[in-house]
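One chain, chain A, links the two complexes that follow: it is found with chain B in the first and with chain C in the second.
On to the complex of A and B.
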């Protein structure tokens, strides 16, 4: 199994277009970040990628074949979804055994090791887990799936800062140790920026960016200095936001051009990705 | 290794510079093994592709080389090459900024030369 390609995908729910003419390629052995606001179409996209729902038009193509014609390949795809499909009354350790039945590549030993690291109580039943621990359980199942493609829908939902960091650490570990492709949907762009290689931004059903993190970072920069100096510099620039503190100001500038002449009183630093993301996905009306 | 995520400088360049610095300071000796891409990636929570890109800059500059199936090693003569490169960059890196700062502070040319001489006498 090689790449997964989405070709001219449209998905309508009654008269609402959830996905509009989406064309994407997911290559083997990469980590992708799928970013979008609430309702942008992230979950719909992941559900189509893993053949849980069908597109209204267009197709999912693997090795030049439509995904529907190669049912065996679907077992090479694991989706850790938003909706909870786990049997409520089962204990965590039973879930691990049960998952192994369905996914032969599932690494049960790793699952136990991760459960211990996250302090997930394996004797508890699914129904008695908190929101955070339910997410952790789903994350562990996906991290240990060892399928060729692993899709995470909001893997840090309800996790505290500590657990989020642990999740990213284990994600990298799994990525380094096998040649799976991981796709992570999230709103936390700054948290994932360093660990993902490619970034896909979806807005109102359309793909607005499909690029490397590095080239997204080159779309802008931050300028800081004294308020007057910064204001003078940014007068003819495309400013997407700013912060002021006492008499200093940081302005976030959108510009693909290299900085040529910078007054000595100003400092330049990396663009704030979160600000860039907010700007790119703003509704026209609120601009 | 110290990386600055807020710097305008891309992370892969920072990685290349930090490994170079480790060799320059003698923390990594010639013909010793450089930490692997995966070790650096896991240690600093970075995508391995970013780390590899940084390493490849040093491979192109003949500072490190790849031993098939084993990993990356520091080249013989790497330290000399790095010193040579830094000597070439010395004017742009240090003299330029020294003079620029001195001008801002109205420090005269003669005064700078005196300071440099004093620094040598103190040694």
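On to the complex of A and C.
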């Protein structure tokens, strides 16, 4: 099984262009972060990738074949989507049973173990689950699907901090144990920053960044120190934001140049991914 | 292709509805039989097969959304959905036709009313066994057509936008209830070619009074079913998850 390629994908909803000439490749055995503001086109992109909706033009290709409704290709992809497609009247354990029927690679035992860890009541019907537990159910199904490509659309929607941390832990476990590719679309940028290897930023339907996490973070840096020292240093720099606490200040600077002369009173560190994301999407939006 | 789990899912999603339907039918018939023996007068029953046709039409309308969503969630294709619909509708229709035929045979010992389907199927033969087999197959076709029609209507509504749905909802009943009689009265009759007489003539032409007529009837029913299945396939092919 090779990569998934999106070739010149466009998607229009009447007069609105949800995706504009998207070209992407998802390589095997990697974790991708798909980041974008509300309405940027993330969900549309994932729905096209999983054959739930059709592109207006362009194609999704696996092994040089268009995935369009080819069972062999589609069965390699699993999407844990934002909207619920599971039968509302069915119990959680029945959902596990049917998923196992449809997806032979689904690990039912792991699903039960994860349900226990997340305290997901398996005898409850889907309709009676809270938003958080419905998200957990969808996450468990995706984590246990063992398909070659697993897509998560807002996998921590409605989850408390404990459950979010557990999800990231199990995601890494699955990544280590399987030869699968995971794509996580989320607004919790700082939380996934330490997990993802590659970042795709989508803004107003266009891909504005498709690179490694390291490479993206090298586009800027953070300077911290006393307010007056920081202000002096950043006077001629491209500052994209700052935080102040008591008499200390952290400034986020967008610059790919290497830092040469840095006063001793200042410390340099990696730029905050969320700050960088905000700046990148703001700039693109105002173009 | 993973047709088998999909067929199982389709059938299991309406299993309870079928059980409830037959509980109601048996309870109604039981009450009727009890009353015929307790009160004076005659208790007449409607047609079981006709009830099944209406029931399957309604089930057809309800049969799309849940399996479609579940199959899309489970990385299945639309082609698999369409195939599994055909197989499951065949299984369900055959099962219900068999039950209805048995019930019709059993009830014929108690109640003399013949169903419409058994009256048609018995028209070409006096052999009771052949008539029963014929009833089974006629019902099977009619049930599948009814099932597929409900499914077809649901698909049209699913695929269409709001304006299209309103147009279909208003136009079709208005055309059938008002438009056709108006056309008949003011257009066809003045032209000496009554529309209803033509339809009546066609229905009589396919009357199964002989083996050729019966074969023609089966070909006609099969063509209808094939056409509906083709339309359903075309509608499913580009259906998107909402």
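Quick notes
Please note the rule applied: the second predicted complex is superposed on the first by the 279 of 287 C-alpha atoms of A that agree within 3 Å, B and C clash if a C-alpha of one lies under 4 Å from a C-alpha of the other, contacts with A are read in each partner's own complex, and residues count from 1 in each chain.
The rule is short, and it goes like this: contacts are C-beta pairs under 8 Å (C-beta built on N, C-alpha and C of every residue); 3 or more make two chains touch, one makes a residue touch a chain.
Not measured: the values here are computed from a predicted model.
Residue contacts after overlaying the shared chain place A:96 against neither chain B nor chain C.
In the superposed pair of complexes, A:87 makes contact with chain C only, with no contact to chain B.
Touched residues of chain A, counted separately for chain B and chain C, are more numerous for C.
Look at A:221: by the touch rule set out above, it reaches chain B but stays clear of chain C.
Of the two partner chains placed around the shared chain by superposition, chain C is the only one that A:77 touches, whereas chain B remains out of contact. In the superposed pair of complexes, A:147 makes contact with chain C only, with no contact to chain B. Shared-chain residue A:233: touches no atom of chain B or chain C.
When the two complexes are overlaid on their common chain A, residue A:51 makes contact with chain C while staying clear of chain B.
Overlap of the chain B and chain C interfaces on chain A comprises no residues. The touching residues of chain A, counted against chain C in their complex, run 47, 50-54, 69-71, 74-79, 81, 83, 85-87, 98-99, 101-103, 145, 147.
Per the touch definition, chain C reaches chain A in the complex via residues 1-2, 5-6, 8-9, 13, 66, 69-80, 237-238, 240-241. Those residues of chain A lying in contact with chain B across their complex are 30-31, 168-169, 172-173, 175-176, 194-197, 213-214, 217, 221, 264, 268-270. Across the complex, chain B meets chain A through its residues 5-8, 10-12, 38, 41-42, 45-50, 100, 104.
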